[in-house]
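I have a structure here, written as structure tokens, and I will follow up with some questions on it.
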Amino acid sequence: MRRSKASFVLIYVCAALVAAVCLFPFLWMWVSSIKELRELYTIPPVWFPAMPTLENYRAVLFESNVPRYFLNSLIISFGATGLALFIAIFAAYGFARFKFRGKTFYQSFVLIGQLLPTAAIIVPLFVTLRTLGLVNTYLGLILVYMIITLPLAVWMLTSYFRSIPVELEEAAIIDGSSRIGVLFRITLPLSIPGIIAVLVYSFVTTWNEFIFALTFATDSSVKTLPIGLAEFTTEFNTDWGAVMAASMIMTVPIAVLFLSMQRMFVGGMTAGATKG
Amino acid sequence: MGRISPGLLFALPALIVLTMLIAYPVMYTGLLSVTDQQGNFVGIDNFQRVLGARTTPIAFTNTLWWVGGSVVLQVILGTATAILLNEKFPGRGILRSIAVIPWVVPGIVAALTWAWMFHTEFGIINYMLTAPGVIDEPIGWLTNPDTVMPAMIAINVWKLFPFVSIMVLAGLQSIPKDLYEAARVDGSNFLDETWHVTLPQVRPVIVAVTLLLVIWALNHITTIYAITRGGPANLTLITPIQIFRLAFESVQFNQAAALSVLFFAAVMVIVAIYIKVSSAREEKAL
Amino acid sequence: MGTVSIKEARKAYGAVEVLHGVSLDIADGEFVILVGPSGCGKSTLLRMIAGLEEISGGTISIAERVVNDLPPKQRDIAMVFQSYALYPHKTVAQNMGFSLHLARTPKPEVTRRVDDAARILGLEKLLDRYPRQLSGGQRQRVAMGRAIVRDPEVFLFDEPLSNLDAKLRVAMRTEIKALHQRLGTTTIYVTHDQIEAMTMADRIVVMHDGIVEQIGTPLELYDEPANLFVAEFIGSPAMNIVEGRIANGQFVASDGTVVPLGQTRGVVEGQAVKLGVRPEDLVLDEAGLSGTIVTIEPTGSETHVTLTVAGTDISGVFRERISSRPGSALPVRFNPDRLHLFDAETGARLSA
Amino acid sequence: GTVTWWSPNFHAPRATELVEQFEAQHPDIDIVIEETTSDGLPQRVITALQSGSAPDIIDVQHGWIAGYAQNGLVMPLDDIINDPDDFIPAALDYVRWEGETYGLPFRAEGLAVIYNRGHFEEAGLDPDSPPQTWSELVDAALALTGDGRYGFAITGGGEVGNTIFRSLPFIWMNGGSIISDDATEATVNQPEAVEAVEFYTDMLVEHGVSPSSTLENDGTANRRLFIAEAVSMYQAGQFDLASIAQENPDIDLGVMTMPHPEGADTSAILGGWSFIVPTDANNPEEAKIFIEWMAQPENMGVYTDTFPARESAMDMERFQDPQLAPYREVLPFTQPVPTHPAWVQITQAYFDGIQRILIGQQDAQAAMDDAALDIQDLLDQY
Amino acid sequence: MGTVSIKEARKAYGAVEVLHGVSLDIADGEFVILVGPSGCGKSTLLRMIAGLEEISGGTISIAERVVNDLPPKQRDIAMVFQSYALYPHKTVAQNMGFSLHLARTPKPEVTRRVDDAARILGLEKLLDRYPRQLSGGQRQRVAMGRAIVRDPEVFLFDEPLSNLDAKLRVAMRTEIKALHQRLGTTTIYVTHDQIEAMTMADRIVVMHDGIVEQIGTPLELYDEPANLFVAEFIGSPAMNIVEGRIANGQFVASDGTVVPLGQTRGVVEGQAVKLGVRPEDLVLDEAGLSGTIVTIEPTGSETHVTLTVAGTDISGVFRERISSRPGSALPVRFNPDRLHLFDAETGARLSA
């Protein structure tokens, strides 16, 4: 019942290990972001700057395009994640709950965009976007990101939906619910942890995507944060302090967002539902 | 049946969006692979050229190592972490959001930070090892033929195992509690529970995650390209980087397309087999 | 018009056929109970009527309309699932009100009907709980409540009271009957409880291994079981069966014991038959057949006794408290007017 | 009309200035600058060119143009190169393909060696007479090495270009080449080339005067090591001077041309940037007008980050800094790399060879023999 | 030594206390049955004994060892869950063999024991199925099988037979008793089935709202219920209760009807009392009290009748087939030797 001391110790040792592994490079980034230029590259490395400085943050926030790109990134990532999730919820439900001819084929088809090397598709994709008149628009990037986020969302949601007992859906159908009603009133609420996980990961994927953004968003009105990071690099020089500061600005809000959302990972979602 | 199945109807929007985006690229790549720069049909010339290149088999073997190493470790570490994150202990919420950080850090920045930390001279890792005297000489993590690929894999694992943990964690939430209770009464300890209840129950999630990881690893460029560009001496050259180089460094789009087609075919076969096998097992066990 | 008509309905899971052609006509407003051994296909049949299971063969009509290809939503049925299938993320009240909510019933009306049902089911204090916070019986009652708040063409109940205590079950039985009388809704009800089956049903359908063995009113089944299977299945403890043959218009058991018969219509002299005696048709009679007690179990109101009579283990149910010990003798008589005869080969009923 | 110009972020500030002037003179032409970043620039340019929706003008490195030209992606610009003789010959050679000039070079530079005068003094060397020849270089490097400090850092990692720019000049100085002039034969395994490659790689393999991180270092990494005072000499362009001065002002800088074999001249690869006009440009005519204006010495001199690509612009004040003298000195000795369609793949094969030597897999001869096989393969395809 | 001793066990879910101090001593090898209305805390108590639910107060000892903080694994119990909790990804055979597998029992031994259990439970043909391919009753039998393959200190059964048909249930009852006799394992068994409770238990524990109302042998409870609650709970149909008072050593109902009492020990003249009459203690008697039939339900072996007698609705169970219609008169007599008297205030039993 109550956990023994030994297992608590074990849990904390593991937790500390995971935290260390995940945080170490991140802490290094943070330390670098408050170092002065000359402390960045030293032999041996300096652990903590003698004179921590917020200069890099000031530069990033007030002298670069990062704030504007942050907004663009928000719009595009929310758009792409929202759209992907919306479309994927239906697709995943179709795959999870129905049998139909060629299902395996369609399921693999969803992956196809990721099976072709980026290098191969980027040029024709550009042509496609141009044909649609979507180069340098939010919608263009949002659409292109479907190639990346849909496979993730469809495949993961399919497996989450499968773990919801079918009887619950049957009960709702008997209660007079339509298929869509079942999906939105029964299946989705019970898949909230899965939705959150997919949401966070799709969001972050698009948030950090570089190559497509670089190619399809050439105007600063739609450029995203990763391009902002690249802009701290000139031909033979990179403003590492600024890059690190900007990375912190990119990273921390999402981690905090996730911290607030992880509460929705509620265990035993389906407890008490069925017998068997 | 003349009627379109409701399942397909549900999937239709996704399929349409993807078709719209991907149809032209697929055709275009196919076409490029059998033509030359002037657009003349050249048959299988391009294929012969890329297959004849000495780097192709090297890249192929490296790709296998890279994908195998990355995915296996990601899945194992990620699942273990998920199980940890599902235990109740004070600070769990914080740890959960710490665990997403590697994924949140922009790929290029992460790669360069790791490269920096692994650097023979500047690197904090060597410093941490040499300062207390664990090793005498700094290790050339990224220059030693024995360590460079493992280092790349380690970075990739670091970047992506959080993906596995969060996805599996979400899957763990829908495991009925009474199964654990039954297992406990049946006399199982934590490991038995994990093996006989947790893992089988999240199997579908792990299957899906693994598939995605394989595809991502197969198509992953950022980490290696930013750090070693496939070097030294092609030790970390993987096929997608070879394609990337062909296309964007050498401007050999036709050869790049040919290699892409080959790569695509190989990957498609792997994926098809994987889906067939896993869904067959799913039908049986769910 | 809630008639339900099932014609030659078949169901196969892959290669395994579990319903081998079931036909059944249910009149509007009728209360039909399905009984049969575990695994005989009762739930499957209900689920096919509900539209949750594809129909492998035959047709099912509700209100004179073939519904084979109609989705459940359009069949206007309410169902209690054997496995409850409660919405884990909805409270008891939300679980019960969900169908009304979907039908856009006005809020106050929903509340009223949910409260009514909760009162009937004794769930008033639990309306804000979630299913995981309920006991097994409480869950089952919520499942029941979800059906009875509605006013459908047909009610389908799959063992709705199995997890309730005897007292509550009696009360619920009365409520369901009252509900049925008030609404006159066609009802198909699966139960394993003999008393439920006998007291609630207009007609009982006895199923066995995917076929229908007999359909009839409760007393028809009890008094005139069409065959050995029904005879043994209906009534608890089950009817005793003694093997033997007819000689001189009497029944002679294999060990030679002679049992006089009240009537012998339909039997042939010398025919191999099986004699059925219900446990309550054993009468303590000093002048009767000699029996030896094997086990003796008082249930309070009755005493269940297993005795060896005519070389067979036979159970008897007596109103009397019997204080004899196992091994001692207990002479009994079979009530000759209530004996059943079955063909030894086919199991078919012989005498009326 | 509107002319869209992709200018990299490190050129952009001056571009804005110049555009203002130009627009004042040409009110009917509207120049729109879209800033590019150096990360991913080649992909982005190629994608734009290949997909047929390119801007009107792009700043690209000289070396990339041959590839575009052979794929028919860029326009010849001979008609606006008014005074070809004023241009650094190597620069024009670079952007020429089958007799036509596909780029207008505006920037030119070559590498020299930056060294730490303080270290020289500590090692008992004269900072005012830095090594001139290969053997002097090795001696000095050996003298400077020790105590966690390395005398002469070579590159062995990063982009291929880093190592090509630093090692190919040694081959040239030694009379060798990677491919023959008529581009039919791989010459990288011939003695002159192999000797030079050996000299280059021995800095690490034999003498250990290059840091153990050589295989992961590119030009930038070497600069950082120099700034960290872990390296005393390294090959670099003039752009490094400012960075060093900013990040470690304590270093007393010296610059020298690349040492050469006894009796030979120094050498360097010509680096720099050109304008191109994509075939699919919307407004090539006005783009050319603008480029022509930009090519005027007084504008080119302002725009370039390093040196201008034409002699007449060299007189400007900003090019007279004494520290830049060795860089000016080396310009006449700079050469373009061959404009072979497979040049990038050829350099890749060569670079792989260098790396094999550096990790100790092969000696110089064996590595270059293998490289030659690969290169010959590539040459035979054309 | 499988004794189980529960001392003042309490359980609270948040602010709601559902067990208010339950004490119970179970001897080694005893077969104890828990009964009580739905939601009274039976499952909770079982789960606390199993170690699945934290104990909010009191102690539970198994084999003389306090197990409050011991994990289930170390308590050596086998349990049948009310919700079955079958492993969905294991076949029937794997489900049943899992605990043996964990205990590193040799393969052939596992197979043997699983096959044995499957035979007892009639699951032989289903061993390779997955739970989702089973009917409700089949699932329940698998859940049962998972427990009986083991040889633990204590068996905990939570309504293990509720989804089985009467016939199978009788058979299973016999099997469980045989198993218990063979192994002598202490068993705690929850059921709603009166017959099960009466025939299987060494002792029955009647629970109500989180407290124990009475503990005793089946017949003790039936014949001498300690209070009104137990009296009404044990026996089905439930005991009839008539309000009235004692006058002249006789019972006088509120409406004036006089009922002679067999004995009046423990009662005081004029005291307000409740008279308890079991349905089977009504006797048809032309000279008896006048009763009017309200409902009449033949169950086959018996006839259940609700009548209005002495101003109260009273149910009677008669062996006779009664053909009167509702509304007609049916004079009855209460068997004076089998009447129960309870204090009207406290509900405590008055006469012995």
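Note that the chains are named A, B, C, D and E in the order they appear, and that numbering of residues resets to 1 at the start of each chain.
What we mean here is this: a residue touches a chain if its C-beta (ideal position, glycine included) is under 8 Å from a C-beta of that chain, and two chains touch if they have at least 3 such contacts.
Just so we're on the same page, UniProt names per chain: A = Carbohydrate ABC transporter permease; B = Sugar ABC transporter permease; C, E = Sn-glycerol-3-phosphate ABC transporter ATP-binding protein UgpC.
Being a predicted model, the structure only gives us computed values, none of them experimental.
**Student:** Of all the other chains, whose mean CA position lies farthest from subunit C?
**Tutor:** Between subunit C and every other chain, the largest centroid distance is to D.
**Student:** Counting only C-beta pairs in contact, which pair of chains has the most of them?
**Tutor:** Greatest number of C-beta pairs in contact occurs for A-B.
**Student:** With centres defined as the mean C-alpha position, give me the subunit A-subunit C separation in Å.
**Tutor:** One centre to the other, that is 56 Å.
**Student:** Using Cα averages as centroids, what's the distance between subunit A and subunit D in whole Å?
**Tutor:** Once rounded, the distance between the two centres reads 39 Å.
**Student:** Once you find the CA centre of subunit C and the CA centre of subunit D, what distance in Å lies between them?
**Tutor:** 92
**Student:** So which bits of subunit E are touching at least two other chains?
**Tutor:** Touching at least two other chains: 51, 71, 82-83, 86, 132, 136.
**Student:** Hunt down the residues of subunit D that sit against at least two other chains at once, touch-wise.
**Tutor:** 39, 43, 46, 50, 224-225, 228, 230
**Student:** Going through subunit A residue by residue, note those that touch at least 2 other chains and give them in order.
**Tutor:** Subunit A, residues with two or more chain partners: 41-43, 123-124, 127, 190, 210, 230, 268-271, 274-276.
**Student:** Taking the complex as given, what residues does subunit C use to touch subunit A?
**Tutor:** 50-52, 71-73, 77-79, 81-89, 98-99, 102-103, 130-134, 136, 139, 146
**Student:** Could you please specify the touching residues of subunit D with respect to subunit A in the complex?
**Tutor:** 6, 8-10, 34-40, 43-44, 46-48, 50-53, 148, 219-220, 223-225, 227-228, 230, 237, 239-240, 243, 246-248, 305
**Student:** Where on subunit A does subunit C make contact in their complex?
**Tutor:** 165, 167-168, 170-178, 181, 185-186, 189-190, 268-276
**Student:** Over in the complex, which subunit B residues touch subunit D? Could you list them?
**Tutor:** 37-38, 49, 52-54, 108, 115, 119-122, 138, 140, 142-145, 227-229, 231-234, 245, 247-253
**Student:** Taking the complex as given, what residues does subunit B use to touch subunit E?
**Tutor:** 176, 178-179, 181-189, 192, 196-197, 200-201, 203, 284-286
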